[in-house]
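Some structures are shown below for you to check.
After this come two complexes, each holding subunit A, first together with subunit B and then together with subunit C.
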Partner chain A sequence: MAPTAGLTRATFAKLSPHPYLLANLEPSSDDVPPARSNGRAPNEVRPPTVNSSSLSHAHGSAVVRMGDTTVICGVRGETILTSNIPSFRASNNETELREYDLLVPNIELATGCAPQFLPGGPPTTLAQTLSTRIYSLLHSSKVINPDNLRIWHTGAEGMTANEDRMEDDAPDAIEGEKVVAAYWVLYIDIFFISFDGNPFDAAWAATMAALRDTKLPRAWYDADREMVISSRKESIPITITNIPIACTAVVFTGKETDRPSVDGKFWMLVDPDRLEESLCDESVTIVVDCKDGDTRILSISKHGGTVLTPTLLTSKQFLSWAGKRWEEFNLAIVQP
Partner chain B sequence: MAPSAEPAAELSHLPKADGSATFSYGGYSVVAAVNGPVEAQRRDENAFEALVDVIVRPAAGVGGTRERQLESLLQAALRQLIPVRDYPRCVIQITLQVAETPENAYVNTKLVQASLNLPIIPALLHAAILAILTAAIPLKAIAAATVIAIPDDNTDVIVDPTAVEADRARSLHVLSFTSQDELLLSESEGSFTIDEWTKILELGQRICCQHQQPGLDTAMAGGSHESRSIKEFIRSVIEAKTADDLYWK
Partner chain C sequence: MADRRRVNGPGGITVPPIYEAEDLPLPDRSRQPNGIRAQYLKTGVTPSASGSAYLEIEPQNGSVSKGMKLTCTVHGPRSLPRSAPFSPHMVLSTHVKFAPFATRQRRGYLRDSSERDLSTHLETALRGALIADRWPKSGVDVIVTIIEGDQARQVAVEQGIEEWDMMNVLGGCITVAAAALADAGIDCVDTVSGGVAALVPGKDGEEPVMVLDPVPSEHEEILAACCVAYLPSRDEITNLWLKGSLSSDANLQRMLIARAVHASKGSSQAVAASLTEAALAG
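Take a look at the complex of A and B:
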């Protein structure tokens, strides 16, 4: 910082955020190392901390914290009888999660978690966009095995399908045959306690940590009462084998305009905070799964600018950063 | 409409809007109307640049979360193409009404769907660009977009997949390049490797920026000849329209 300037850091930041961030990234004297205004290097992330099973009434929950972004995610299971699903087909064992809507994520950006979220009013575009992205990724990444959500029923001995049945739409339990009588529906509620940028990474990590923590009660179909009974004592954890992780970076061009800077200079700021997000147009989010050493990409979303070239998006540096982030998050989620 | 049909466009067909266009391709048909630049409301106005307001309306029902997601993607992309700094305190409103979508007869259609709808993005983007051009709003560049699917059975990639192919694909990619060959937008879902990602980016760039390397058409993967250069198409329809408008001279 120039010692002659009559402005404090906070005033400078508030008056002209762009030059402020630029001055931090490009310090005028050589003995000050370039850093972002939050003190981090451009490729330095905020270390995540994960605390699971913090909610006592949910079947699974987790709090994920990255710097000042704190998200809590609760997973609650409810049962639905297959006879109550209008489009149910017993032969469908591929698209059941999507077709019967067995995963219901919802995001709430709480009032007060950041100044821009005001009480009342419909959910913001950000909240709606995030929930669509989480929903899509939950399905396309296939992290949940549908078998975990099926509640099986074996037809009782000496009973046939059309005997002793008041309604014909009850599960057809033919003698000794196993049928799916009901499903678990997972309500995944994601709640931002504090919001300081990078909402998607935090929300997705919280979802994965909460799902990994989820234990559904043992449930069975009671043919006499025609309902699902679940056990108070026994519970079965959901098997989550892969934990994909989302990594977001924004591109700062150093200019307030939407035009890219003349000399083509730009900074890729990983794990952006709220100030940085508001100053950058372009962002990229990559979701990777590096289990067993081979990297699989589950989603890439890049929009809002033209600075990131295909070469940069396929570069080793970019992908290895995602790989490192995956390791860091997996360690935090698996260990606690 | 057969999915492989040529792209079709109708320009300036809405008399009340400043600019309008209907773009249909691959079973999708989108009506776009552009109004602006007009004065922004006090609470929306930005003293330094124009606000680009994108509204997406689905073919049936009211817009939900997936429409909000499409709006935010398109808004970010179009903001880069329109010189927003030239119109301070203004709003440019772009309304996109989906008129037709290809149907997948193999699955039950649900009215309200929450998941991402990637294959519709090119149709929305092209309709928006044509409508902005007819509204005589300057653009720094135009953009062309394409959809590429990697099928589950590891056969060749499919350019402009049908609804069934898109549904069964292992991964689905939408890429958009500006007329200056810059990557404007890239959305992918599904599971794919780094090698596949590199190939998809190369193929997408070839398709979107076709006119520069006409000789490469034959080298492209199966079915790509269907994908006529959208950039050339936009250019030719606008040229025809301009010639028509100047006919009285």
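Take a look at the complex of A and C:
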């Protein structure tokens, strides 16, 4: 561009990121394809790599890498007795997960994964938002079958039932009947090792990969000791049949916020990095599940800006990007 | 009071799985007394930080030890906030945190006292190696995250040996932080490296023996242990942590420190190898 000035591409990108990205997306000559500052085409994503079962103390774990974004997720099960759940109702077998709060996802960004995230303070707004989004998506997508988290207990047959009924808090009152004595609570901790944009997609994929890897020990209720005992040898994997995947894109309008618009032109940049996220106000995240061929949309969330129209959000092109992303991630998660 | 800025889970008490009684593998050390576990060190794992490193200590086959995994990021040197008082040299702040899934028992997100203790030790270890006068009025942050800790034994037993385990963790923290500082290009007099040695009872009531890089769960009992932060080319120690019951024989203490220094020479080779590799790669 300007070799005499002695400035490298990286310096230009840093000094004036906005015009630099615009110049790359709108090249002056026709034989140069439009690209982003990082060299990717607007709808080109960073290929994900997934590595599961790398932690020994967690019941399930996964490391997900997308370019320079690295996330590690560990799932750990702990048990809670139904007598310790204040709102417990034995008849409830629909909304147990949400009502008893059995899934506990937390995102930690304060590992120095990027210069703006240093430890020492409370979790940042971004970390809180991401945790809440993962939390609500885990519940609304119903990827976890509540039956995997129930710990059953059959009332002892030989015991005299009368004595047992005296203690009203014992969950095993009726002889021979199967009751839920306790639940597994899944603590899902998501650590960012390296942060380079698009945290939600990476964190969600890591969560799904770690859950798919999770094997809880076989557990039973010991009525005499009034606690749950686990087996060291046997473990039961959690059944995850569907793996929904998130796909995020940001909208670049080619102008800084205080400048007038450039004839309404805009670019959608899929899988943004840190620089692109800082230049764009508007972002859209779609969560899809394409199992068995048909695309099912689990959630669409769009923030900031008014450029994206409803037609565009339901367009074939946009959905095909998400579908491709789903395939890519599912291949990476299921394969190893 | 629950932390409302995180997802806290159910209100009732949750307990980690309690396992049925089972024969634990007998503590046994398969390495030579002067052998340390293999280490893998890689720099540049977090490109957006000034410097970063990842350290993995290999798990032992057939043993109860599960190895260790640590990452470290270095941010800075950068200008101090306006409110900070004038400082003629670089202000170093260190932060050590266990991931909740790093140990047998789930850890919370708030730092506990052992993590603060480790941070302080790490700070002293690094301060001796940094040439801090070259950056007046600036600060640098060193953040170590322990992804996987060493503790791999029954909870009850673990309580007693946890403090010994801290030494191993500190040794790893020092080594990984030194590599990250070098990756950040911050001037040091030398790359500091951590090493641990311990005095354990000998087999069948024999004389106690000194072992390098002890894994607490591999031994029935640890009499004393020592962790040093050592500068190999200057032959200096920047941080020394020795505890346990040693006889008043000063020779024994000197021996233990010498063995710990010997262990740290092993990790310093890993640091040197990984930094050379990174320099060659560009």
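For the reader, a short list of remarks on this structure follows.
Please note the rule applied: the second predicted complex is superposed on the first by the 312 of 336 C-alpha atoms of A that agree within 3 Å, B and C clash if a C-alpha of one lies under 4 Å from a C-alpha of the other, contacts with A are read in each partner's own complex, and residues count from 1 in each chain.
Here is the rule we go by: contacts are C-beta pairs under 8 Å (C-beta built on N, C-alpha and C of every residue); 3 or more make two chains touch, one makes a residue touch a chain.
Treat the numbers as computed from the prediction; the structure is a model and nothing was measured.
Of the two partner chains placed around the shared chain by superposition, subunit B is the only one that A:S136 touches, whereas subunit C remains out of contact.
Touch criterion met: A:R98 reaches subunit B, while subunit C stays clear of it.
With both structures placed on the common chain, the touch criterion links A:T309 to subunit B but leaves subunit C unconnected. When the shared chain is aligned, subunit C comes close enough to touch A:I85, but subunit B does not.
Shared-chain residue A:G121: touches no atom of subunit B or subunit C. By the touch criterion stated above, A:D189 is placed in contact with subunit C alone, subunit B being left untouched. Set side by side, subunit B and subunit C differ in how many residues of subunit A they touch, and the one touching more is C. In the superposed model, A:P33 makes contact with neither subunit B nor subunit C. Shared-chain residue A:A219: touches subunit C; no touch with subunit B.
Residue overlap on subunit A between the subunit B contacts of one complex and the subunit C contacts of the other covers 128, 131-132, 135. Per the touch definition, subunit C reaches subunit A in the complex via residues 5-20, 22, 45-49, 52, 59, 66-67, 69, 71, 73-75, 95, 97, 99-104, 106, 109, 141, 143, 145, 147-149, 151-152. Note for the complex: subunit A touches subunit B at residues 87, 95, 98-99, 125, 128-129, 131-133, 135-137, 139-142, 256-259, 281, 294-306, 308-310, 313-314, 319. Partner subunit C is touched in their complex by these residues of subunit A: 55-58, 61, 68, 70, 72, 74-81, 84-86, 100-102, 104-106, 108, 111-115, 118-120, 122-123, 128, 131-132, 135, 185, 187, 189, 191, 193-196, 217, 219, 227-232, 274.
Every residue of subunit B that touches subunit A in the complex is listed here, in rising order: 48-49, 64-66, 68-69, 71-73, 76-77, 79-80, 84-85, 107-108, 114-116, 178, 180, 182-194, 197-198, 201-202, 205.
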